[in-house]
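Both complexes below contain chain A, partnered by chain B and then by chain C.
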Partner chain A sequence: MSCLHIKHLTVTFETLMGTVVAVDDVSFDHESKETLALVGETGCGKSVIASSILKLLPDNANLSGEILYGDKDLLRLSERELADIRGQEISIIFQNPTLALNPVYRIGDQISELFRVHKRASSKKSKAYATSLLGRMGFKDPEHAFHMYPSQFSEGMNQRVLIALALALHPKIIIADEPTKGLDDQLKEEILKELMKIKEEKESSLFLITHDFDAARNIADRVALMYCGQIVEIALSPDFFDEPFHPYARGLLKSLPSHDFAPIPGASPSMISPPEGCRFHPRCAERLEVCSHEMPEPIKKSGRIIRCFLYR
Partner chain B sequence: MKKPALPRQNGSAQKKSLSSLLAVVLFLVFFILALCANIIAPHDPWERFDPYLPPSVEHWLGTNDLGHDILSELIYGSRVSLLVGLGAAVLATAIGLCVGLFAGYYKGVTDEILMGITDVFLMIPRIPLIILLAAFLKPSFWIIALVIGFLWWTSTARVVRSKSLQVSEMNFVLSSKCLGFSDKHIIFTDIFPNIIQIVIPKFMLTVAAAMITEASLSFLGLGDPSMKSWGMMINFAFTKGGLINALWWWFIPPGLCIMFFVYSVVLLGYSLEEKEQAVLGIS
Partner chain C sequence: MKKIARYLLALFIIISINFFIPRLMPGDPITNLMGEDYIVSQESIDALKAELGLDKPLLVQYVTYWGDVIRLDLGHSFHFHTEVSQIIASKLFWTTALVGLSILFGTLFGAILGALSGWGKNDPKNKTLTTFFLWIYCTPPFFLSLVVLYVFAFKIGIFPLRGFYETGTFTDIAKHFFLPVLVLSLSLASRNYMIMRGSIIQEKGKLYILYARAKGLLNRGILFRHAFKNASLPLITLVALDIGFIISGALFVEIVFSMNGMGTLIFDALLARDYPVLQGIFLIITIMVVVANFLADIVYGIIDPRVREQR
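Up next, the complex of A and B:
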């Protein structure tokens, strides 16, 4: 059963420099209980997809397409209806955890506030919930952690608090926007492990946005690769990493230190005036004649979805 | 944000802390005077003795034309003056806070409308309007406090708006939104606590402005004659011949009281503001 359908989502931003097409005709399904990793380089529109699911984009963004959650189109819900979905049905974990916590409240109060407001629990009960949740997130002394301010915690501890916040109300979908950015390897592993553990327990699905291939390989069921606002390949994680189809995917994997460490030639294109035809063709080693003037459409091929003329 | 303690405070910092200490002491003295007026005052302010008595051991500040003890009047008067000042400032700060918070959080049309209203209020000539209102309405100090409150919120609204614009762009507001909290909840429990440090000094300065206004109005004879505020005392001294006959004990003390209280409040406001700036690393 799939729980989130994204159909032909296009997001553009009006800026002084021109119209930026941040997300261009993106369609994918997010099955329930699965872990889907959205990978791609910085600035390719990954976070914009995450933000548009919960409609958190600034006013100069234009969205078109559909984001279906159950029978509701999230793009057409009112703020009020969205408030009921945010946090309780779909929650998001941001990068920069320290900035995402209110500096004037204690950690515990920020967590128990959720239970007080959404579950109408008494303050004593909410406190108990919050403390147990902190304990589950790997704090040795949750009572002590409850009374700390975000500024007294390290980045990694705050990230765990943020994950606790996002998971507190047992959402069906967890969106994690680069949850491990700026953390050291050991902490990264710990946090991902924690995230997966709770995700399994609550039977939620996880939508992981990352540019960390190792993380994607380790925890994702499926991988979606983005390039310049488009999804160029969606495949099961083992397939994707064993034998990537799209030339960009091959190039990326080759550029990893554990492989050839050979970078893809050229630079990522401008989002304001993207190249004609296939977005990737100026950097592609296997380009065909057709690539430079025609845009490939996504097609299904041996269980994958791919946007490339090589597999037509 | 914690800075290492400086080994030695320099002269100006010491002077600053001294002046804020002075402000706190003055403020507390007046506050206690107003709170415990019935214990501290030597006489009932309405009790009549011989009129025009100069200062003596019995009447430290003499008596007025009706034979009321001026020291007692002064002490009881602090109640009225402080109440008007604080009441008006509470009202003004509450209005300014709400306007600023909503304008800064919702932005766009809401912001335009609310700031438009603020601009209109800024243009109103306030003292003439109050004089006009006081002439038409029954002069009572509640009405004066209300009117002052309704006219003095504009600068608070502007300051709060600019800060709330800034705070509402911070990530924790976004993350509160993602956790499904309502706008009202976010405004009052997420944004408000983050701007309280700039509201308090603003509040203090509004108290000072309200007290000066109340004193001016009372002096012009537009105050509440049944409530003896400090401004009213000067008004009586002026109209009942205290000034012409140089009965200094009648009009100097209330003037000094107004001056010292306003001074203490302003100083308190400034030192709070400076502390805030020091924390933020401005100045």
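Up next, the complex of A and C:
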């Protein structure tokens, strides 16, 4: 059963340089309890999708399409209705935990705030909740951690705090926007393990946004690959990593140090004036005549969704 | 601790400078005291010098000076013919009340309106408010005083033009206080509005604001629970300085409204070249500024943990 349907989501930004199409006609379903990894290079629009789900985009963003959560279209809810969902039913973990926490409030108060806002809990009760959460997240002295400020914690510790916050109210969906960016490998593994453990426990679904293929391979059930604002392939994780369909996916896997270490020629196109036809065709080794002037539509093929003329 | 020592050192230096400045001035203190038109015999000059303690070595004078400062003895005014400390004490209360009230209102309204304006959309209402405060901000307070005095006291006549004495009833005092407090509050509020507005606009784009929204807080909640505290940091120094200059800050406004306070006292003392009075006032002002800075430091530490750690 799916808990989130994204249908024809398009997000554009008005900038001085022109209109940026950050997300272009993206549709996918997010099943409940599954871990879906959205992968792609920096700047391809991954994080914009994450922010669109909770409508956390700046004022110059235009959104169209539908994001269905249960019977509600999140894009058409009022700010008040959205506030009830945010943090409680759908939570998000940002990639810069130290900047995401308010520097002038204690860690514990920032966690307690969640219980105060959503559960109207008393300050004593929410303090107790927050302390026990900190204990669960591996802080040896939760009482002490409660009284610390974000600037006194390391990046990894703050990321744990953000994870604690994201899981606190047993949300249906957890969005993790590059939660391990900037952390060392060991910490990365620990954080992901922690995240998965609690996610299983609370029966939440995880929408992981990452450019780390190893992380996606290790924990994701399904993988969605994004290129220049579009999703080009969605497949089960083992299928995707064993035999990627899309030429871009093949190129990416080949470019990994563990494989051939061979980069894809060319650079990512501009999002203001993307190439005509298939977005990837200028860099594609297997391009057909049709690719340069016609845009491939996503089609279903052997249990995957793929946007490429090779599989027509 | 280190900070306290630094502030004490600053106080020591300031009070010492206050001792040396008049002694570095050219000319003889006795001539200065008597006026140049008097011809006085050498014996009388010597007698006067001995009476004032000016015949003693500088070091002895310095020690005596410190003793006087500690006993709050600021000398004798030859214009008002009383102790300087008494004159200042009699004027201090009303000025402190006037400026204190204005700082209170100016900070409260300026900060809150500025925060709301910086947070909200740039709609016509917001633009009007900003234009209004910018206009006030650019107007010197004494000119604003003249304008409101002309309009409300002279033309409309609902407020008194002058004649403030400290013995009136409460409504009487309130009537005299209203216009000057209004002018001072407005001019302080306009500055605080601008600072707070800019500060909030800067905070608005930060990630912790977005994250607060992602946690499920509503707009006003994010502004007053998260953005306001961070944005108010630049304001603290300014408000502290306002408090430091509390006794001299209203100089022009007091004169325009003929208020019987420190501003008028400074003005009169200047015209009469009453050095002991001026010296006493300057000493108090500098001490207040140092103390206010010290308080600002403490408040910073309370609000921002990052400042506390650096101690």
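Basically, the second predicted complex is superposed on the first by the 312 of 312 C-alpha atoms of A that agree within 3 Å, B and C clash if a C-alpha of one lies under 4 Å from a C-alpha of the other, contacts with A are read in each partner's own complex, and residues count from 1 in each chain.
The rule we apply is simple: a contact is a pair of C-beta atoms (placed from the backbone, for glycine too) under 8 Å apart; a residue touches a chain by one contact, two chains touch by 3 or more.
If you're wondering where the values come from, they're calculated on a predicted model, not measured in any experiment.
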| item | value |
| --- | --- |
| Combined model on chain A where chain B meets chain C, clash or fit | clash |
| First, second, both or neither for A:152, with chain B first and chain C second | second |
| Touched partner set for A:84, first chain B, second chain C, both or neither | both |
| Chain B versus chain C as contact partner of A:99, first or second or both or neither | both |
| Chain B collision site on chain C, chosen from 5-13, 23-31 or 59-67, when both complexes are overlaid on chain A | 5-13 |
| Intersection of chain A interface sets (partners chain B, chain C) | 54, 56, 79, 83-88, 91-92, 94, 96, 99-105, 113-114, 117-118, 151, 165 |
| Residues on chain A engaged by chain C in the complex (per definition of touch) | 54, 56, 79-80, 83-88, 91-92, 94, 96, 99-105, 113-114, 117-118, 149, 151-152, 165 |
| Residue ranges of chain C in contact with chain A within the complex | 206-208, 210-219, 221, 225-226, 229-230, 303-306, 309 |
| Residues on chain B engaged by chain A in the complex (per definition of touch) | 1, 107-108, 170-172, 174-183, 185, 189-190, 193-194 |
| Interface residues, chain A side, partner chain B - complex | 54, 56, 59, 79, 83-88, 91-92, 94, 96, 99-105, 113-114, 117-118, 151, 162, 165-166, 169 |
